[in-house]
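So that you can tell them apart, the chains are marked A, B, C and D in the order they are listed, and the count of residues begins at 1 in each.
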Amino acid sequence: MLYREALNRAIDEAMEIDSDVVVLGEDVGLYGGSYRVTEGLVSKYGEERLIDTPIAELSIVGNAVGMAIGGLRPVAEIMTVNFALLAFDQIINHMAKYHYMSAGKITLPMVVRFPQGVSRQLAAQHSESYEQMLSAVPGLIVFAASDVNYAYHALKYAILSDDPVIFIEHELLYNKKGEIDLNTELDPFKARIVKKGKDITIVSYLKMVDDVMEAVPEIEKQLGKSCEVIDLCSLNPIDFKTLESSLKKTGAIVVVEEDHKMGGYGAQIVSWAAEEMFYSLDAAPLRIAGADVTIPYNRRLELASIPTPEEIKARILAWGAENGV
Amino acid sequence: MNKMLAEEIYYDMVLGRFFELAAKEHYMAGDIAGFLHLDIGQEGFSVAAMKAFAKGDVFTTYREHVMAISRGMDPKAVMAELFGKVSGVSRGRGGSMHLFDPSHFFYGGDAIVGGQIPNAVGCAYARKYKEQQDGVMVVFGDGATNGGAFFESLNIASAQKLPLLFLCENNGYAIGTKITRVSPFEKQAKKAEPYMLTMEVDGMDAVAVYETLREARHLIEDGHGPVFVEAMLCRYEGHSMSDPGNYRNKEEMKICKERDPIERMEKMLHETYLLSEEEIDALRQRAQRAVDDAVEFASAAPEPELEELYDNIFSKDV
Amino acid sequence: MNKMLAEEIYYDMVLGRFFELAAKEHYMAGDIAGFLHLDIGQEGFSVAAMKAFAKGDVFTTYREHVMAISRGMDPKAVMAELFGKVSGVSRGRGGSMHLFDPSHFFYGGDAIVGGQIPNAVGCAYARKYKEQQDGVMVVFGDGATNGGAFFESLNIASAQKLPLLFLCENNGYAIGTKITRVSPFEKQAKKAEPYMLTMEVDGMDAVAVYETLREARHLIEDGHGPVFVEAMLCRYEGHSMSDPGNYRNKEEMKICKERDPIERMEKMLHETYLLSEEEIDALRQRAQRAVDDAVEFASAAPEPELEELYDNIFSKDV
Amino acid sequence: MLYREALNRAIDEAMEIDSDVVVLGEDVGLYGGSYRVTEGLVSKYGEERLIDTPIAELSIVGNAVGMAIGGLRPVAEIMTVNFALLAFDQIINHMAKYHYMSAGKITLPMVVRFPQGVSRQLAAQHSESYEQMLSAVPGLIVFAASDVNYAYHALKYAILSDDPVIFIEHELLYNKKGEIDLNTELDPFKARIVKKGKDITIVSYLKMVDDVMEAVPEIEKQLGKSCEVIDLCSLNPIDFKTLESSLKKTGAIVVVEEDHKMGGYGAQIVSWAAEEMFYSLDAAPLRIAGADVTIPYNRRLELASIPTPEEIKARILAWGAENGV
């Protein structure tokens, strides 16, 4: 099953379970979604539940907030995160705040989902990552799906839960293959240990998890050490417990993210490690992140602007050598 | 309009005026802080709107005290909210600009100009989807009609034929900026004309507001799609307590106050419904007592405990 | 329209068509990547717009190759940009959707639907402030007319009487969504009516577009404030290379192609300006050669050096 | 001179120097600005240069971008940062990117200024801080003015320079008193050492600088150590040099910010210290920041949601004791 099919299934099942679940967004209905996540759903549930909206992101989220107030469970799709900026007022001032500022009187069971990240030469206005901004907003739950199983379970949970959830997908993961495990319950707030190890904790999320995994065998070979790879999964709240036990064991942390380094989400994790785990650290933490530039169109420049498996490997090897890891 | 309703509207207007005067007093005394936007001069509009739209959902702005209490929210709980007390409608966490009460179908109290309009559109969608009888009303100022949120909403509500009543409270100013300096029109209904039926009403005349809104409400309930109503009115005070409001001259204010909605209603109670001075006075006194009680309640109410800081971040522990 | 101009427009249209066909071919060959939005079917509109508005500032969308070259930007530099080469108009950093050239008063190439409209409003303010003769033209699709940025701009341009020409390219679709499914209107000029003079034109007829826009341009230059022009037209291809476009049926496409702007212009050159087959053919061949040259240039051009990644973050080192 | 008068003077002088400088925003003209920063300027320069705009933040910034393209030097005022969310698309996708994505062909000499932060019970939608979001955007220069002298010099520089600048003020600083030093040139990109010291580096910005300074005497007395207090001033780019030399000397860093801790700007500084200065650190870094909640209206809750001088003192004392600083 593909990642986008897993997302589709999660939405489908939630819509089946609860007729208050509606989907809204640009081209989500008749067209089936620009990344085909909602494909086929309109013929099953009709245009009233798969609502094609105009190009008006502020309204997409703003209407979803109102639908939730009116008793529905809206799942809003923003075509890519870049356009979500137009909806930041509704996301931050409304979706995130109403529950708290009404002292719990208003509950907003809603999801805003979108892909983000660098795909293939989509250039400056179609390649951004905003998890750092959205994870910093109190009141929002932020999930980031790096694989098929998590995508399915976490999205279904998000739709059926009563809180506002930002659900982040990655443009390059839609065709990723995997299996859904229906036998094990998945806690979407728990970080996932992708690979056990005992010497270096590598923390990542979304597509970078795959890039890290690609780099790891060579890193382990060359450094003669074993890496524990952790996929954060929930970017807010963060499962610090899992990070803590890994770090206690390894004493060394590397955080890999695709976004620009300046102000990027990973700073949060490294700063936590420095504050809370300082005396467990045997080496300076390492952050691998994108360049502090707008994403360029040219492919070479584009690749140079984000971490690649090669860069991850090279950076970790150099760091390992320097810090005696 | 029958006598009972006329009395009720009058009572709520006076209650509103006294409530606002008390709020002003207690702001100056330091019991209330933050931004406090008074509705004085606009009570006829606010009360009549709530009476005409008694059943559907209401979304509004930060200038909403009078609407909230006229909608049925307890003045005590509203005043306590202004005082930041735990007995306030939002447990002191929202404040004057953020009164929420789903049990009265009252959803804000939004302090982002125009921000509540897309929310109302979504709620109207939910009503239509669920085939519920009552529609939605969204109240906003003239200043909001220059923002993208308003326009997107006109377009969507019209395209989807939603049961939504757009109610524009046109008091001619957004803080210190006269609407005609930043909009091509004096009357903002012009902007809604391509999309839906529009109506205009004298916002200083509570009866007219009531009648117009009832008509509009019936239209949206009958599936005619959205309707836009514009009420022309005056606010007497500055924009908020931090605005002396001296961009309006005496002459302008004098003309405004000659249209006072309370005096007008009072005259009608006399002339049409034959209420005596004493009867009117009794209503006023009852309103004053209710406000005094509200203030007393708010003063005596406890502040929230510090632990509440971490309540209601999510619907349950996650 | 004199013969020379008619020939020039025809040449640019054919150049545009060949350019787009070459771009399509090289996208499929992997030389061009990202989102590629072709203007095929809309060339008459794009070229005539640039000719009618030769002097002022132009702001447009991601579907802008034909406008860019018709505006005078070298097809070589535009094709090189699509190829992501350092000889591209934006040194390969912008790509197909982001062609900028202030020397031709061409400011994007914006890929945020509607995002360029407030920019054009600001630029029109600057022109008025500096008392410059030429105004500003902003081109956007039908899809952009549902967004807040568009509406805010109508309102501001009208309130400030700015020299701004709103040009709506209404091809009936925003990606796969038919405009009438998300807007109450088929023609979006309706939305601008309260604010300014509106005109409609057949966007498949280059001459009509040219004449209409010249008239509109004179109005804005003469201080009449903003004008809205809507061109009804068809795009032949999918929204971008990643869209097969199969939400439109054969019949619909057939009707579209019967209105082909190039064939129409060709007929006019024959009938009105008495050009021979050979003369027309010569124009076509010249256009094809220019495109071939552009492709050759783009293929041969070097990629940017890796160090360029850090160029132009700020105007100088800070 | 008051902070708001310093800002007024900076704008006034820039307008005097260059007739292309225009100011736009809600109530900036006839009304004089809601915090009176532009008071008196309309009578001097006219309504064409002090442009009262409708309530349309997307357009305020979007128009400013177009004005800059058209050859002006716009200074846009957003009444408070909370409303800037409506303009995030124009700030991030346009203002920040056009120079880079046009390979330098477009230059945007413009400033967007606004106050932010917790004032006095302005509640959920009027009390936010977004420096963490805006500092993470490549292409934007971000200044934060904590005092009169910096406010004047940095704003004047920002208006007359050719880059897009986000200029952050604080609601509670407008009436702060101070002097403008016209004799010393001020580099707005340089961090300011507010107080020299040798044992603890305390990094802060905006209003928290004052709160730190209020707490410092008691901290020094009780810990028997001296604090070096640094005001970052430029939040992007960051003057790491100044931080580095301080940290080399002290070996201990505390970062104080008003914003929510989760994802807050300070994470950036601590993470830098952990990565780059790890072996100079003698103690775990400390971050003092706001609670991860929407700002409540009630004064007690509001104060509990942000650092106060008392909290700063208590936290640093506890940290000092625990870490042997």
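The rule is simple: contacts are C-beta pairs under 8 Å (C-beta built on N, C-alpha and C of every residue); 3 or more make two chains touch, one makes a residue touch a chain.
This one's a predicted model, so the numbers in the text were calculated from it and none came from an experiment.
**Q** From subunit D, which chain is the farthest off, judged by mean CA positions?
**A** So the chain farthest away from subunit D turns out to be C.
**Q** Could you put a whole-Å number on the gap between the CA centroids of subunit B and subunit C?
**A** Measuring from centre to centre gives 46 Å for this pair.
**Q** What whole-Å value do you get for the distance between subunit A and subunit D if each is reduced to the mean of its CA atoms?
**A** Each chain's C-alpha centroid was found; their separation is 29 Å.
**Q** Between subunit B and subunit D, tell me the centre distance in angstrom, where each centre is the average of that chain's C-alpha atoms.
**A** 36
**Q** Mind checking the centre-to-centre distance between subunit C and subunit D? Centres are C-alpha means, answer in whole Å.
**A** Between these chains, centre-to-centre, one finds 40 Å.
**Q** Touching at least two other chains at once: which residues of subunit A meet that condition?
**A** Expected reply: 53-54, 56, 58-59, 82-83, 86, 89, 93, 100-101, 123-125, 138-139, 292-293, 296.
**Q** Where in subunit C do residues touch two or more other chains at once?
**A** 90, 93-94, 98, 110, 112, 146-149, 152, 155-156, 159, 181-183, 313
**Q** What is the shape of the graph in which nodes denote protein chains and edges denote touching chain pairs (line, ring, star, complete, other)?
**A** Contact map by chain: complete.
**Q** If you look only at subunit D, which of its residues touch subunit C in the complex?
**A** 22, 48, 51, 53-54, 56, 58-59, 61-72, 74, 89-90, 93-94, 98-107, 138-139, 141, 161-163, 189, 237
**Q** Which residues of subunit D touch subunit B in their complex?
**A** 26-27, 30-31, 34, 52-59, 82-83, 86, 120-126, 291-293, 296-301, 304-305
**Q** Could you pull out which subunit A residues touch subunit D in their complex?
**A** 58, 82-83, 85-86, 88-89, 92-93, 96-97, 100-101, 123-125, 128, 132-133, 135-136, 138-139, 236, 259-260, 262-268, 270-276, 278-279, 281, 283-287, 292-294, 296
**Q** Tell me, which parts of subunit C touch subunit A in their complex?
**A** 33-35, 81, 84-85, 90, 92-98, 110-114, 143-144, 146-148, 174-177, 181-183, 247, 303-304, 306, 308-310, 313
**Q** Applying the document's contact rule, which stretches of subunit B touch subunit C when the two form their complex?
**A** Subunit B reaches subunit C through residues 146-152, 155-156, 158-159, 181-185, 190-191, 193-195.
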